[in-house]
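Chain naming follows the written order as A, B, C and D, and within any one chain the residues start at number 1.
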Amino acid sequence: MDSEHDCCSDKRVVQADKPALLKRMARLEGQVRGIAGMIDDDRYCVDVLTQIAAARSALDAVAQQLLENHLKGCVSRAVSEGNSEQAIAEVMALLKKMR
Amino acid sequence: MDSEHDCCSDKRVVQADKPALLKRMARLEGQVRGIAGMIDDDRYCVDVLTQIAAARSALDAVAQQLLENHLKGCVSRAVSEGNSEQAIAEVMALLKKMR
Amino acid sequence: MDSEHDCCSDKRVVQADKPALLKRMARLEGQVRGIAGMIDDDRYCVDVLTQIAAARSALDAVAQQLLENHLKGCVSRAVSEGNSEQAIAEVMALLKKMR
Amino acid sequence: MDSEHDCCSDKRVVQADKPALLKRMARLEGQVRGIAGMIDDDRYCVDVLTQIAAARSALDAVAQQLLENHLKGCVSRAVSEGNSEQAIAEVMALLKKMR
């Protein structure tokens, strides 16, 4: 990480697994478009809802990965630098939104 | 609903609020693309995760609407026709997936 | 079901599997007391949280069972009697609380 | 914290807000007993489920507090001592159980 992308200091973070994350997001975008297509094609509610549940799991998996990256990177760094309080408060607020 | 789109019998359902649902899904697709863009732009993890939480809420809202449509339409019809058992078992299985 | 316990009309419901449900609730009460004991004994946070997750699963399982009973009993009856609208609105409000 | 209760080293943790946590757990135990009583009294499913949702929220609130204590105490300490990897893996596993 060069200074321009220095984690957290300027609130920019290069995700370690960025290509894999982008691939997952592209797949998720396809899932969402597929669900819209199912609704447009008058597909059975239960089948649509099953695909929505799958998309939600995919979204949650990305969130878990980003959260893990965040704990390992930004939060660990903040703790090492003596700024744990703000970093942890931010994580707790985030977990509340993610519930 | 004409016979071709008869709810449940041939497992096809025209959602009563189809245009609104499709609009929501289009907006959600934009949100997902936006999140991918944030990751690509090395945006701060917490900002990305906040947008993911918003997308998840949007997806859940669509699911709630489809579930309500399903209960009001397909399940109510199944109950009236004496097929409640299978319809309710299907709903319970669905709720488990949606958790 | 005799008239005194007639499902829904007077908002009293004898759960079909009442003894099993009560047994589960008794076990859950023990789990909750056990968690309090762990906190009192200064047990490691992660161990306490693991037990809390187990208690939450047990509580969710009881809720799933009651919801299934409710759909099979009260809601099916309401639908058969032409009162599906209120019954389904109530279920949707409940599902929102249970999320 | 004396050496005997030294956080994490011997996996014992005195929660900073132990009396408040124990009071919450006692109240939760009462809620669980109350729910059992409602089932025993043949109370309406929706009323029982509403109380279950409240108990679940109370349990989640205790879990959030313990998780915050854990991040502030044990995890921060582990990070400072260069053991962040194991501590964060443990938190991620925990969050998966708590979903």
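Miscellaneous remarks
Here is the rule we go by: contacts are C-beta pairs under 8 Å (C-beta built on N, C-alpha and C of every residue); 3 or more make two chains touch, one makes a residue touch a chain.
Since we're looking at a predicted model, the values are computed, not measured.
Each step here moves to a touching chain, and the least such steps from chain A to chain C number 2. Centre-to-centre spacing of chain B and chain D amounts to 32 Å, using the average Cα coordinate of each chain. Per-chain Cα centroids separate chain B from chain C by 25 Å.
Chain C and chain D have Cα centroids separated by 20 Å.
Contact with two or more other chains is made by residues 60, 67 of chain A.
Pairs of chains that satisfy the touch definition comprise A-B, A-D, B-C, C-D.
Residues 5, 8, 11-15, 18, 21-22, 25-26, 28-29, 32-33, 35-36, 39-40, 42-50, 52-53, 55-56, 59-60, 62-63, 66-67, 69-70, 73-74, 90, 94, 97-98 of chain C are the ones touching chain D in the complex. Residues of chain A that touch chain D in their complex: 60, 64, 67-68, 71-72, 75-76, 79-80, 84-85, 88, 91-92, 95-96, 99.
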